[in-house]
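Labels for the chains are A, B, C and D, by order of writing; each one numbers its residues from 1.
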Amino acid sequence: MPTLYNRIQGRSLERLAALSDGIFAVAMTLLVLDMHLPTAAQAHSEGELLSALASLGPQWITYGMSFLTLGIFWAGQQTQLSHIAEGTRDLAWIHLGFLFAVTLVPLSTRLLAEFITYRVAVGIYWLNILVLGAMLYWGWMHAARAGLIKDDTPREVQLSICRRILIAQLLYAAGAALCFVRTWLSIAVIVLVQLNYAVAPRLGRGRKSA
Amino acid sequence: MPTLYNRIQGRSLERLAALSDGIFAVAMTLLVLDMHLPTAAQAHSEGELLSALASLGPQWITYGMSFLTLGIFWAGQQTQLSHIAEGTRDLAWIHLGFLFAVTLVPLSTRLLAEFITYRVAVGIYWLNILVLGAMLYWGWMHAARAGLIKDDTPREVQLSICRRILIAQLLYAAGAALCFVRTWLSIAVIVLVQLNYAVAPRLGRGRKSA
Amino acid sequence: MPTLYNRIQGRSLERLAALSDGIFAVAMTLLVLDMHLPTAAQAHSEGELLSALASLGPQWITYGMSFLTLGIFWAGQQTQLSHIAEGTRDLAWIHLGFLFAVTLVPLSTRLLAEFITYRVAVGIYWLNILVLGAMLYWGWMHAARAGLIKDDTPREVQLSICRRILIAQLLYAAGAALCFVRTWLSIAVIVLVQLNYAVAPRLGRGRKSA
Amino acid sequence: MPTLYNRIQGRSLERLAALSDGIFAVAMTLLVLDMHLPTAAQAHSEGELLSALASLGPQWITYGMSFLTLGIFWAGQQTQLSHIAEGTRDLAWIHLGFLFAVTLVPLSTRLLAEFITYRVAVGIYWLNILVLGAMLYWGWMHAARAGLIKDDTPREVQLSICRRILIAQLLYAAGAALCFVRTWLSIAVIVLVQLNYAVAPRLGRGRKSA
């Protein structure tokens, strides 16, 4: 049985959502601001500027991928929280752990952009995604066990949230494993998996459940 | 028909609004912080400091313009969302795309401030504005088709939102095209169009509809 | 008479408040982060580190003052908005102008910290405070004229909000004028005026109205 | 008796909470972004990259500790505010002081990461935690004296909030004092105290009150 202070602490789901939105907003904006642009010293004509920008291509893919990562986990956390009736300090701390992993995304992105051909960089990026997924999964399991989920949430919704995380993580792990072939292949597969989750309804018309 | 998970995902308009306000707030503040100021090594008297600051003039115009850009699209997104009754994951992802374009504004601004006489820089800045407008337009079209718009929204309001985006984008495109004459002319026209939208009511007294 | 689009645009006070809180939060946090700290190369013993930190004293005063500035204007804007019944696009744009001045505070602070003995730097800092006050005053006048103020707001509250801005701006202007004697005197007076507003209730006990 | 303006100023608890969430979100995200990563010039093979990352270990502990610090005080402030019925300008300013201390956390963290073997750096970090605790304590005392606490808050909850701050600060002070033995010992004890507060329910099962 938790102590009195722990029973009253950190229960506001509204403040947890507001902190989360703030952290996602800062991470998403800083992510992109971190990109290196050509400087006046590096480009002296329209043509040089264009080709300097074009050479940033790989960077763009990395940063675009990270925005997708953050968008997917923002949507995922929001979906969970919308089915939770009340907060507890345990839930708040699991989500603080999740948010810590969110703040690491710009960092692992910067590492990947700097070392895009290194398996270590891909591995760390994947670890970041893995921790994000694991914390969300833990948060949902905890909410289920502690009876925090709204009464009107059908059981199939509960299962669908778990299944979604597990399948996505399997696909990410498969993608990351491809870095032993080529790191580029790895990144391409992860981006494709993410695009599938982002635009799914377009492709998914006709399917009935997932 | 979307899958079960996709039907329950990302539906909170409040969290979408909160994430948007956060991203706009970070982008607006970082935009300005990105400006270069003279350092103590560059100015050794009151006069030198004043002239060093005055020479930042072009930078100021660029950053002021981008604050206007962000303000206009913040107001535009807010207007749309205030007429939408419920969210869907599709709508959330269209707006995440819009927000990605928002995070690019400080970047294209920095590029323009660095290369203010280059057509490529003006072109990229204009592309950024175009994508912002296109995503907002898509979001509104999607909301209309998917029946998400509030029942009490008069049809003329719906049309007025579309028309506003189309006319503004035409004016921006015309302004951007002037970069083939002079990039400065281009920037001046875009700023004037934006000021018109920002202070419109002052100028617009007497007109009845738009 | 405003156009249809302008009648429906930017009316949400909640989103204006959320954007404002976001911008104030980013400005307040980045302000402080901008401070220079000694690096390992500059301090090689406990004593050297202490004296390196002590030599940052003037910087601390500048940044502390700016946090007070932001806190005062945040409280001031909040007080106004809490007495406004509904938003309009005009009000939104006046407050966007106010927020633009907020985003300039970290910039004018950095300038002042770099050029603390220059009247030009004090002058620009004061201009920033002046614009903040002027925009808030304009916002309140506009709300009064356009009939946006809540019906239950007593007339003396309306006057008190105007009077507060005018008196504060007079004191700031007097403080700034002292820069022609010594810039330090100027900064000291502005900080004292701000501290008076921040802790006023402590000193103000016994007075009845202001 | 406060002046009229001071009676109407800064009373919105919602805006105080929103500003707080924003500042915590920015501080938490920037904290981590401040970490130095190896650059392409520093690592030329998978092995070198791995060992360059491993050598960042001490940095990681510092930044992880600061995220815990921020998480603990965010949860603490939230707990207090959730038991307060109405805001006053005094309460707003006490919390602005608390938030100023929050914005200093990334700064004292950066100092500690740079000077991890210096007692001065540990001392300043501890001072930061002390001020955070002192402001929260002051805020709660003020709310109690001014009758702002919700009527349905049991007296034991009030006491539990005070006791929690006092005990935690005693433990932090004891940890900080160990810097006279070894700064690393100091940091280890502070991290352990924080982990205890973060995961307390896990360890605390069976205890009845605290």
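We adopt the following convention: a contact is a pair of C-beta atoms (placed from the backbone, for glycine too) under 8 Å apart; a residue touches a chain by one contact, two chains touch by 3 or more.
Since this is a predicted model, take the numbers as computed values, not measurements.
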Copies chain A and chain D touch; is their interface built from the same residue numbers (over half shared) or different ones?
different
Measuring between mean CA coordinates, which chain is farthest from chain D?
B
When B-C is set beside A-C, which has more C-beta pairs in contact?
B-C
Please work out the Cα centroid separation of chain A and chain C, and write it as a whole number of Å.
36
Please compute the C-alpha centroid of chain B, do the same for chain C, then give the distance between them in whole Å.
25
Which residues does chain D have that touch at least 2 chains other than itself?
18, 21-22, 25-26, 30
Contact residues on chain D for chain C in the complex?
1-6, 8-12, 15, 18-19, 21-23, 25-27, 30, 89-90, 92-93, 96, 99-100, 103-104, 106-107, 110-111, 114-115, 118-121, 124
Residue numbers of chain D touching chain A in their complex, please.
17-18, 21-22, 24-26, 28-33, 35, 37-40, 43, 46, 49-50, 53, 64, 67, 71, 74-76, 78-79, 82-83, 156-157, 160-161, 163-164, 198-201, 204-210
Per the touch rule above, chain D residues touching chain B in the complex are 22, 25-26
